[in-house]
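What follows is a single structure, and I will ask about it in a moment.
The letters A, B, C, D, E and F name the chains in turn, as written, and every chain counts its residues from 1.
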Amino acid sequence: MKSGFIIFSGSVNRDLAMAIAQHMNVGVGKCRVARFPDTEVNVQLDEPVRDSHVFIIQSSCPPVDEHAMEAFAIADACRRAAASSITWIAPYFGYARSDKRRGRRTALMGRLIADFAEHAGVDHVIAVDLHSPQVEGFFHVPVENLTAVPVISEALKRDMDPGSVIVSPDTGGMKLASAYASRLGCTAAVLHKERLDGRETIVNRVVGDVRGKACVIIDDMISTGGTIKNAIDALLQAGAREQFIVAATHPVFTPEARTNLHHPSIQQIIVTDSIPVTHHHWRRVYVVSLAPILGEAIRRSLD
Amino acid sequence: MKSGFIIFSGSVNRDLAMAIAQHMNVGVGKCRVARFPDTEVNVQLDEPVRDSHVFIIQSSCPPVDEHAMEAFAIADACRRAAASSITWIAPYFGYARSDKRRGRRTALMGRLIADFAEHAGVDHVIAVDLHSPQVEGFFHVPVENLTAVPVISEALKRDMDPGSVIVSPDTGGMKLASAYASRLGCTAAVLHKERLDGRETIVNRVVGDVRGKACVIIDDMISTGGTIKNAIDALLQAGAREQFIVAATHPVFTPEARTNLHHPSIQQIIVTDSIPVTHHHWRRVYVVSLAPILGEAIRRSLD
Amino acid sequence: MKSGFIIFSGSVNRDLAMAIAQHMNVGVGKCRVARFPDTEVNVQLDEPVRDSHVFIIQSSCPPVDEHAMEAFAIADACRRAAASSITWIAPYFGYARSDKRRGRRTALMGRLIADFAEHAGVDHVIAVDLHSPQVEGFFHVPVENLTAVPVISEALKRDMDPGSVIVSPDTGGMKLASAYASRLGCTAAVLHKERLDGRETIVNRVVGDVRGKACVIIDDMISTGGTIKNAIDALLQAGAREQFIVAATHPVFTPEARTNLHHPSIQQIIVTDSIPVTHHHWRRVYVVSLAPILGEAIRRSLD
Amino acid sequence: MKSGFIIFSGSVNRDLAMAIAQHMNVGVGKCRVARFPDTEVNVQLDEPVRDSHVFIIQSSCPPVDEHAMEAFAIADACRRAAASSITWIAPYFGYARSDKRRGRRTALMGRLIADFAEHAGVDHVIAVDLHSPQVEGFFHVPVENLTAVPVISEALKRDMDPGSVIVSPDTGGMKLASAYASRLGCTAAVLHKERLDGRETIVNRVVGDVRGKACVIIDDMISTGGTIKNAIDALLQAGAREQFIVAATHPVFTPEARTNLHHPSIQQIIVTDSIPVTHHHWRRVYVVSLAPILGEAIRRSLD
Amino acid sequence: MKSGFIIFSGSVNRDLAMAIAQHMNVGVGKCRVARFPDTEVNVQLDEPVRDSHVFIIQSSCPPVDEHAMEAFAIADACRRAAASSITWIAPYFGYARSDKRRGRRTALMGRLIADFAEHAGVDHVIAVDLHSPQVEGFFHVPVENLTAVPVISEALKRDMDPGSVIVSPDTGGMKLASAYASRLGCTAAVLHKERLDGRETIVNRVVGDVRGKACVIIDDMISTGGTIKNAIDALLQAGAREQFIVAATHPVFTPEARTNLHHPSIQQIIVTDSIPVTHHHWRRVYVVSLAPILGEAIRRSLD
Amino acid sequence: MKSGFIIFSGSVNRDLAMAIAQHMNVGVGKCRVARFPDTEVNVQLDEPVRDSHVFIIQSSCPPVDEHAMEAFAIADACRRAAASSITWIAPYFGYARSDKRRGRRTALMGRLIADFAEHAGVDHVIAVDLHSPQVEGFFHVPVENLTAVPVISEALKRDMDPGSVIVSPDTGGMKLASAYASRLGCTAAVLHKERLDGRETIVNRVVGDVRGKACVIIDDMISTGGTIKNAIDALLQAGAREQFIVAATHPVFTPEARTNLHHPSIQQIIVTDSIPVTHHHWRRVYVVSLAPILGEAIRRSLD
């Protein structure tokens, strides 16, 4: 690509955007994202984008609708100002869990958001650890699904007990767990949900040997933290050592998360800056930055 | 149209939807619109829509992004459940003021929202007093732009001084003022914004005779109420009687509105239920319902 | 829906189509699907479809490209002949396993096929046990993803040992295994793939108690049969009784399947007629028909 | 943009195109636009456009359908010959007044023309003083809405009485009048249409002080000239001096225009070459060229 | 189809539309198609079309652009007024001869017009003797290509010499000639264009025995009449009797046609009313009506 | 175009692709096109295509569906890997004979394939001697329809009797025959199909003088060879010398072809490598390569 490029930040990831820009030795493009008194989004690009390759950095994290709409508004402004290409860098891509209908009469928001993004002018997407890889197929435009496993693994290597077991809190996360395990040279375990006697009670059965071991519970995102809490209970019952590290790419952290993750045996919670952690007083939360891998992805696309 | 129809309500206009349904001697379709802990919208239709004509009643009022996204989510759920047609009844259509770009590098949200709605499956739109009539052209699908002038006029006839002047607070509202004036048999006046000496100060010049008269200030929407406040100041200076009625279709009412409309000479504020007025303790606010005209519009479309 | 309906069969599922039509007390629509000498598909509908609801029954089973193209050709013929709606009933939907890219430079065929179908005129899809439920989101039009679990369970109830364990040969199939288990009142087990010592050798670890028990191995499809073969090896090693029933919705049966499934301890292979089993001399293959559930789905859509 | 560019002219604005090309130190691209004996348009580009940025200069002025279709035909020829981008420069954009429906059962031609242009391959639009700014939103592609106010103001500065009043002949033109007034340092006035006694007779009420003053009546376009004629009558009645300049961007000039504008007190009619003024014997018509601002717009887009 | 239907006529075929409507025992829908003073089309439907099946009868004959745009405008008005389906009956479909590019840098108008029609809302097309059958493939929507051969043959049977030869004036018309010949029980001949000595001179070589015979020259359309004139010259030279009937579906009749067809040995020119023949003083022109076959086509589509 | 380019070959034309690449002094891009055991296509690009201009060389020759789908799969892989442009070079474009419907209820595959290609990401098409030139209009994207006449003529010049007649075996091929005749300085003849006495028997009537002459029978493609066989019979009956050369661009060669073309008086069959001739033991088949003209076309598009 011969023309120049500009990195814009929506309202969510300003620090991350700055870090990415620094990584590339440029500044963040001037772009005001405000709200009119009636809450309507008000985007103003303060530099020309004509024939430039634009990278919009904006996670569609809670409140998802506002943040997604901001991304679309910036894309629309760039398109109408004749940008040459528009890449949406969604460090966290909201609505990815709505990747199928739950019952016959619900919406399939993941696909809808993909369509909206394309319609607004997005012609490339860069995401990180999409909740399900099939989300890529909801887009017609190219999607690059990066992974935070390497950068989180670096942090883990430094802090975790070398004999730890990597634990996936459900079978859906087994692939991720394997990725961590093979990178860290650890064994892996997984929790199976099982229904007892057909009743509502579900127990987590631990598959893999955790007895007396420190555990690193991994997941793609932490939302309410309920899954993690249940995993810890099950692991302790299975004889795991009271020494847990929780690692997840996306700190969605709903209000309940604080309570659910307030377990004394959690030593550390490692997440990325795909979503800014405003709970900065959580001493145990350690944030690794996606800036290097996102910067690298931009660089690759500009070569 | 031979198949049946269903009226669904988003989270905004439940009372209006019920009134419309009553008008048509049916119930409101069961449809849950909730939010997951991570703020993602969770729509669940609780009755079959296959081959039915669906009417979704949902204003995209503040917070606009959530309310618009709800409308799209319901439409998507209806489309994927094989509804025969999907009409979005937007008593208030947000982002209509974003009908052109302000400067070269802003978004044109009105068109974007129109495109999103169509993409989600909306194939008819019914709106009321759209901020600018051109918004219709942002849609490819049929748009019916109804007006609340008749129902508000009924309320005015009862309460206003027969010799009142209908006042448009800016030249953009002159057509609306004429509509009211001719229906109520009144004269009309309009305020012109004028810049003094090229400086920033703008004065409102009153065009039309208001001296000693009661005024009915009309507008399509009241947002911050600032325009109304300035209009009253100018009218008083032009000798109008201290007796004002304010009438507008859409009570957007931002937080500032309360202060701006707290003028002692405002006797009454007449609005519709296009947006629920939660400030129910505003004694002077009188709400007329759009249920009859929206019900009528649905009936016409089903004939 | 008021107009009539017609059921057409592509070249794949003629018997199934006839059974479905009988279920609905109609005949199969006359439709010739042939090939010109140069292999180009030659579709000829022999009855009018104008304003009719057309149901095209055609699995895109191997050879997938021909069978998919036939479905598209029939849909195109129906659309150009002004059919009122076109539902593609794909008892087996090929390319569903291509639901994400394997590496950065491959195709995502699942989405492409969905787009092609819609472009050819398909406006509804009915499928059975789609390989991944996210495939639904590759379509913009409504998709009904039926399941063969109930009809296969009926067959199992009759033939299996009441104390059998339902076994999923990989973790991806756990949801399906649970569905069978809860319907049959059995316990479930699952095989985990594990890599030994980081080397290429993968072992299947059995999770769940199978010792001394008969096993029902379930899957959504049987392709080469390799997965089944490995599962049996692992189950035997884990102490399972030498008494297996294999049950899967889709008998894709590649040429290797015969060898792989020629295990003496397999008592029965239960599949549906989503794909005709031409290996009729396989005495142990028992075919249950999808006709009732597909007929029911058509009936529902016509109510 | 790295590749070259070509300027083509449709049949309307050949002189303007030449002037623009000269402004950019290039020639006008060879392109024959003829008609077959049966009136079908026959476009022939006589130079390669592959990977070039093409600028098509063509006003869709009367006869609008032919001129619009020519623009589409040239765009189609460029697209099929693999042009890299296609910008439609419509100095006058016809059908812009059809920006909303007049009644429920009319066409909305403005949007239709926008869609046609995009479909033919237009991916950028440059227009001048669009009748309503919302027309921009009828396009999905970027639209640049230039204004002739500066170039017409230059002509006015030279010829008008310094104490003139800028008059908008209707309230819709007030924004334009303000733009002229602030650029020329004049006061502004506006004519209000008022209906007397509910009868059909409409009078123009002059708002602003015009007594004894020379007037510059401005508008975006002059079509039949009826509006101008009525404005002059009203201004004279309000005591204006018998000394008028009429200034408008687009000289649409229908056949009636000549009669309507044949008022002895009109000293000059200033228009642009957005539409060629074939009435060259109108001594009082003075044409300022859009070539500089259109040339500048092209240059900006090539930087 | 259960809902009602309406037949609208554009400005071209009012008599034909009336005849078709009579054929169906209905009246022609009220629809005004006028022009604003600036030549912009002004369509006004004077009856409701909501949920009706609309049939728009309008040939895109010269001047093609206006007539095509009228058809699109009516379709747009119908679509925006929520018609249930829109069928464009184009008795003559203009631009059909632009079915391929002549050279690398021309437009392909046939496809463009098809796209425009679909975009305006046309979802069915009924045409008569399309210049090339491939034009059907330019449309995505269903096209019914009717033929006037039977109705013209009826007229021929009455008037022609029983021993006539059916002559195609070029090889492209051979299929049409065969259709006539087999229906009338005649032999056929064809003219081959041949280039003599590689020079520009082209001669028509008659293939088939015409010596001493009356000839019926047939074609799909008569435009300038030049082809017919040359055919007569060649046939006479080949010994044909001086007794010609010319029969063609579409009387495009450019101004030159009168001269070219003023040959004393032409006894009759038989055409249809796909285009009104305003040259009513041409005594030798005999017009057969398409009303029966078009009425029949509408009836079929409503069954 | 500034970025690089890559030539990929599907499974059909590997030799031709290599020849083209050599012509351009580059290698063929590494791209594996395989099949999974269940026959699903498995495309893997082994080099980066981001921002490259990709040329995919793949004839959709028999088996057409597989070969077409391969082309689409490669295009999809390139699009999702962010190629800058994707040109499908289809030396032979299958389904081109399905350019109109044969009867009311058949598919129009030519258009469908065109739509599929565009949807998969193809934005330019290069084809050779398309069966009908109108196929170009089935595409919205630019199509370059090259001709093999010059390269085949070179071969003919060397081998044919200078006094040969160029014969088109049907009237549809007359344009092609003229092209050959004028290039080779020969006369041309054509065969007319005639129905005797309205019965089924069709005879080929030779138009043009072939008595005692050697004939070069030309066509765009040879499929079953039946047309050629019948032509030879008719030519011999008309007195042609027993010395035939057959020349056609596309050697589709169905299984029957061998028998039909096994006529002792055929001296040579000249075809191109648009489709690999696997019947290499046909001594009389002579293959001329399209590599130079396709290479030239690529070169032109990169200038």
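Note that in this section contacts are C-beta pairs under 8 Å (C-beta built on N, C-alpha and C of every residue); 3 or more make two chains touch, one makes a residue touch a chain.
Owing to the predicted nature of the structure, the values given are computational and were not obtained by experimental measurement.
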Quiz item: When you check each chain against chain B and chain F, which touch both of them?
Solution: A, C, D, E
Quiz item: If you fit chain A onto chain F using the CA atoms, what's the rotation angle, as a multiple of 5 degrees?
Solution: 120
Quiz item: So, what's the distance in Å between the C-alpha centres of chain C and chain B?
Solution: 51
Quiz item: Just curious, how far off is chain F from chain C if you go by their C-alpha centres, in Å?
Solution: 38
Quiz item: Which positions in chain C touch two or more other chains at once?
Solution: 2, 80-81, 101, 104, 108, 115
Quiz item: What pairs of chains are touching here?
Solution: A-B, A-C, A-D, A-F, B-C, B-D, B-E, C-E, C-F, D-E, D-F, E-F
Quiz item: Which positions of chain C touch chain F when the two form their complex?
Solution: 37-46, 48-49, 62-66, 68-69, 72-74, 76-77, 80-81, 94-95, 97-98, 101, 103-109, 112, 115-116, 119-120, 223-224, 252, 254-256
Quiz prompt | Partner chain F, residues of chain A touching it in the complex | solution = 1-2, 124, 142-143, 300-301, 303
Quiz item: Mind pulling up the chain B residues that touch chain D in the complex?
Solution: 99-101, 104, 108, 110-111, 115, 132-138, 140, 144, 171, 174, 178, 182, 190, 192, 195, 198, 205, 207
Quiz item: Can you list the chain D residues touching chain F in their complex?
Solution: 2-3, 50-51, 79-82
